[in-house]
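Please find the structures below.
The following pair of complexes shares a single chain, chain A, combined with chain B in the former and chain C in the latter.
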Partner chain A sequence: MTPNETLPTDPAKEQSSECPVPPMSADPAANVLKTSRRDFLKSGGALSLSSLMGTAALMSQSGDAEAAVEWAEHFQKNYRLMTPAEKAEARLRLEKRYSDEYGKKVSVDTTEAQPGVLMGYALNIRKCIGCRRCVHACVAENNQSRGTKRPGEKIEWIQVLRMERGKFEQEKMNHGYPEGLGIQVGGNAYTPAGAVLEGQYHYNPEKVPEADATYMPIACMQCEKPPCVKVCPVRTTYREADGPVVIDYNWCIGCKMCMNACPYWARRFNLTTPVLPKEEMNPVTHYLGNRPRMRGVVEKCHWCLQRTRHDRYPACVEVCPVGARKFGNLLDPESEVSKILERKNVFRLKAELNTFPKFFYFYD
Partner chain B sequence: MQQLISFTTDYTRYVLKGGTKFYAWMGSLAVLIVGMMYVFYLQNTDGLIVTGMTSQISDGLYLANLVFLVGVAAGAVTIVFPAYVYHHEGMHKVAVLGEMLAISAVIMVMVFVFAHMGRPDRLWHMIPPWGIYSFSSMLGWDVMVLNGYLILNFICGFYYLWCKYSGNPINKKWFIPLVYVAIVWALSIHTVTAFLMANNPARPMWFHSMMPIRFIVTAFAAGPSLIILIFLVIRKNTKFWVDDSAIKLLTTIVQFCLGIAIFLTLSEVVVELYARTEHANGLYYLMFGLHGLTGLVPWFWSSLVLMVGAFILFLIPRFRNDFKLLTIPCAMAFVGIWIEKGMGLIVPGYIPSPIGEVTEYHPSFVEWLLVLGIWAFGFFILTILLKGAIGIMLGEVKFGGPAVAAK
Partner chain C sequence: MKKLAIYTTVLALCGGAFYAVSAAEQAAPAQPAPEAAKEVVCFESRKGASEVTQRDIKPGWPNVKCSPKTGAALWYGDPYDGTVPMGKMPGLDKIPEGHAVIKPRSEKLALMPMCGVSCHNGVGPQFSPPTLPKGKKPVPLPTMEAMVPDLKDLQHGRGRIWCMDCHHTTQRNKLVDHFGDPISFDQPQLLCGKCHGDKLRDWRDGIHGKRIGEFTSTGKKRWFTCTECHNPHNVQDGARNRGFVQLQPEPSPQLPRGMKDASHEKLHPIPH
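Up next is the complex of A and B:
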């Protein structure tokens, strides 16, 4: 198996040309000029502490600006409760900070969910070859921490589980059983065939696929009834109107209750300040998506909001060399995902927990 | 108002006065507290990476101690309940000391909340009107009931002391109902903490309805065990006399609750291991290890030995009646339950992970020092509160008393 050569491998390179709707990026400096203080004062009584701080920060062009930006960021509201003006302001603040920090023009998109869209995902486990290109594409696209010095510095949202095919053998028929009176109460003829969820994702073969294994990628299931959202004490993680469960990284207090609640081990904690080299940083970001995170907050897959809200596929779908990954609008009967749900045998992981994932597995 | 000022000054003055032993004790606690502050600083600059926590084991000693100390706080009710509901003479005399213990334990819990968070600087996000309070979150409820319990105990405890100090009669019209509320509230704090863990179907080790009652009985064994030890220290080092009847009743409570706790643990072992589903993997890992990883096995068995051993010793009359020997089973029960709550319940909830990965938890030096420092901080506060309370109960601190004359 070889990857499809026409598939883009470096998401950062082709963003500027292919993105149908140019990301709401702009030169932060220019934006500062656009947002005059008068505009803010016009918005009247809604002037919050954060907007005061923010305005002060954006207006002062001195060396203290950086510190002021962070200070203002500290007092901003929960993203979902911000007024459009406050959102715009928060975006500018972040764009300025990120641009300074990573030495390039960074955009922070704030595109909202579009009506009539409910995102869905389907994965053909029959086709998956376990190459883990999706894992690496996801890390590159979504600005995950990629340090190597300490184990906690490496974060991957997708895990590809390797499952042994297993077999039943004549020689093992009498291992262990029968016992006592010679009446069989069980057998040992098996090796675990079809063992799902045994955590075998640390495999490193020379070639994939391996003859004796099948693969099952797993990431956030974007549940319709997400247990992680229910347990969040500050409502920083929530379901967006178009489906994905997102996190306002600036509002997260790092209590990790969501990590206890997630049955799919989809959530990761930034144990330290993410290790994200300047040159590898993807500057096209979304506020609720792949913008760089900070120390002490939780993050997870969000179906590449920075792409999918602009009619592009998530990075993992785009990179998959065998086309195992399908993504689309569940409300559109003509979408690929809807067609799969209509025609294929699909199943959800841990369906018994009533989380109602919008991530489906299927096979031909 | 003038009375209140003199209460504060007299109280402070009395608490600050002490012998070499007192200052040595407080000094060594202070050293640990300074150490704790340093590692807390590390943790909030470098991040939780300085602890043994990982993506798989996202909480460890901090959450374990938090849960355990909620139990200790709730355990104070084992004094207050007999004192005010059964009008137990000996208990009534020391009820206020139980309230002081509850105050210190809840404060420790709150420091542990800070310790386990990734962003303690953002705690205000969960406090309205600046933040958002979420009624669907068990952590939200936990923070609410804990703060309520702190306030209740503060009011009940200090109002009682205030009346003793000023010589005013206690206004029973509101004081007694408030004490009853505090008694029920004590149950609520540990129940909600049990729900915090149990309401996670993702973690089969925690996901069963036995958790709240198990939390309560272990709390009512560990809490009074600590209280007995503290009472014996008070009897030895101060002029304040805790009645034998109070200690004996506490011993009975510990013994009964410890017995039920052991019974519940063994019931869980039978139910889980008979069917031996994948959901029993956490318990199996705890008891015997899984895939060759056995990090928690010694913890489980030492906890079981300590608890069962303590229970047997409590059965022997000599250990119950000789208060020197009584310290042994009390210490054993306390340590046994501390292990059971932490390494025996919180940590195996994370192992294996929801996708079946088995990893080991190695608490780092930072974690141990922080835990030790927070305990030291708790005992620092407890010493102050108990000393002040005892001073007032003995009549050494009194409105218009010798302390004022000394001025």
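Up next is the complex of A and C:
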């Protein structure tokens, strides 16, 4: 969890996560009009019943195109179980809805994984200067919420951790740890012990890199054995055949199990209705990638599926001023990531967890 | 005495040419002021080394998005904007014709058109004694320092390399290889590679430096050349002294409730 996400502000959300008595028969129509399928699932046990009632309510007040769309979406299958025809239908429906909503021609790609491709990523930890261009390139590309007013309205998938370079000092040789408690469990000649492990996210100096710091960007590691996929109760997040772990946003119930399971703090929750100004919206989208999300679903890095399925580098790779970010096909021995694995010293973050990330850190 | 006179003439000529250029540069943006005000230009890797001018490729789809805070390029709609084929490069034969492109450096080098004409014509009897250096050893070059301030205290090689290790003796609008043959300014990798072979190898394999466009190994890519990231006259700059100058960071993430500013993280570390 990032610090941002500890702050529920929306009273409605609060209520639903606490799971009180489900608002069963009270007035389903009133309940249904604004909400969608996932809200029903959230409200607990009697889901099939309330879900059906909701649909009935929707249908009865239809005639309105939007309601028809919602109705179709309501009964949409898990993306992986859809037939090609159903996918095409879902795609057209979404394209129409987004185009109307954002006032421009929006495309929703459904290109499948190509055989012979396994995507991989490598980051030169020595080169990173902490400028955060990758963070903002990612937002420009992937249609994240970018509000500023309420906490949780601004979503960024990449986090750049600033780690202080510590030092060992002669003067502190006899300092104990814990300080002043008689029994010592360790020496403390190192400064700044304790402050470094979690890193700092909000650093904001005039210029980077700072002499006393190193930087470590983190985002989704696209694990080969992803803990988030294991825990998902509705199987909406899964590993695609070419590597990235994706989410079918429509099927997500917002239970946040995956966020708890992820050891890399990679997943973000749409606490509020995403704030995405029309002019900033990127109209080239992928169903499993950067299409606009709704409130109450989880999202994360997917290696710019809308780009990489068409051989284009992810947005973060392209803007890194120092060229620290590398991307390619792990199955192609000529690709830059394969060359890095062959030639450089690489490590995986938290390798001891056996998640087998396809995101590698390296240094010259 | 005679020598001094020639020096002065050279100085006057070069200086004159230089001032003319800088005057023209200052005057240029002044004329189409209302137009220029709207134009968004963002810099790529190193400030001052290469820029992109924002324009729409199709409605609502720009070639580049720039950071409102720092003016840095933040997103590429068209990765090949303003590029030309890289030219012959040993070791890159597997890449299909035209799939390796670069942004030409020579267009950026304001002094280049004059160098070979005004001063270093390489033959002119008038200029040949002072402009063709006697050896490769460092000597003070006040004229050059006036034009390119970085040359005053050349921060490359810690006193062990000098102008003629990189610039061609008689053809000043060219760089030079190990055999004394000219290299185009658009292919600095051939120059840098003669001393930094390991880096050249990594660059060729896409590990050092940067490429944008299609990631497949035979796809079309724009390659960033060495001098788009490194200032050849000052590679020691930067806080870490390792070849890349410092820059202004992009805005930090939204502060969580209860955290007033960035120093909170430092003052309230997670105890262990």
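In this text, the second predicted complex is superposed on the first by the 283 of 364 C-alpha atoms of A that agree within 3 Å, B and C clash if a C-alpha of one lies under 4 Å from a C-alpha of the other, contacts with A are read in each partner's own complex, and residues count from 1 in each chain.
In this section, contacts are C-beta pairs under 8 Å (C-beta built on N, C-alpha and C of every residue); 3 or more make two chains touch, one makes a residue touch a chain.
Values in this document were obtained by computation on a predicted structure and should not be read as measured data.
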{"item": "Partner chain(s) touched by A:A351 [first = chain B, second = chain C, both, neither]", "value": "neither"}
{"item": "First (chain B), second (chain C), both or neither touched by A:E153", "value": "both"}
{"item": "Contacts of A:P283 with chain B and chain C, given as first, second, both or neither", "value": "second"}
{"item": "Touching partner for A:M173 - first (chain B), second (chain C), both, neither", "value": "neither"}
{"item": "First (chain B), second (chain C), both or neither touched by A:A241", "value": "neither"}
{"item": "Touched partner set for A:E206, first chain B, second chain C, both or neither", "value": "second"}
{"item": "Chain B versus chain C as contact partner of A:M257, first or second or both or neither", "value": "first"}
{"item": "Broader residue contact with chain A after superposition on the shared chain, chain B or chain C", "value": "C"}
{"item": "Which of chain B and chain C A:R132 touches, first, second, both or neither", "value": "second"}
{"item": "Those residues of chain A which chain B touches in one complex and chain C touches in the other", "value": "151-153, 159, 197-198, 201"}
{"item": "Residue ranges of chain B in contact with chain A within the complex", "value": "44, 46-49, 53-56, 58-59, 116-123, 125-126, 131-134, 136-140, 143, 196-197, 199-203, 278, 349, 352-358"}
{"item": "Footprint of chain B on chain A - complex, ascending", "value": "74, 78, 81, 150-153, 155, 159, 161, 197-199, 201, 218, 227, 230-236, 251-257, 259-265, 268-273, 295-298, 353"}
{"item": "For the chain A and chain C complex, residues of the former touching the latter", "value": "2-4, 6-7, 104, 127, 129-133, 135-137, 140-141, 148, 151-154, 156, 159, 192-195, 197-198, 200-211, 279, 283-284, 308, 311-313, 315, 317-323, 326-329, 332, 334-336, 339-340, 343-344, 364"}
{"item": "Partner chain A, residues of chain C touching it in the complex", "value": "44-46, 59-61, 65, 67, 72-76, 79, 94, 202, 205-217, 219, 224, 229, 238-240, 244, 246-257, 259, 261-262, 264-266, 269-272"}
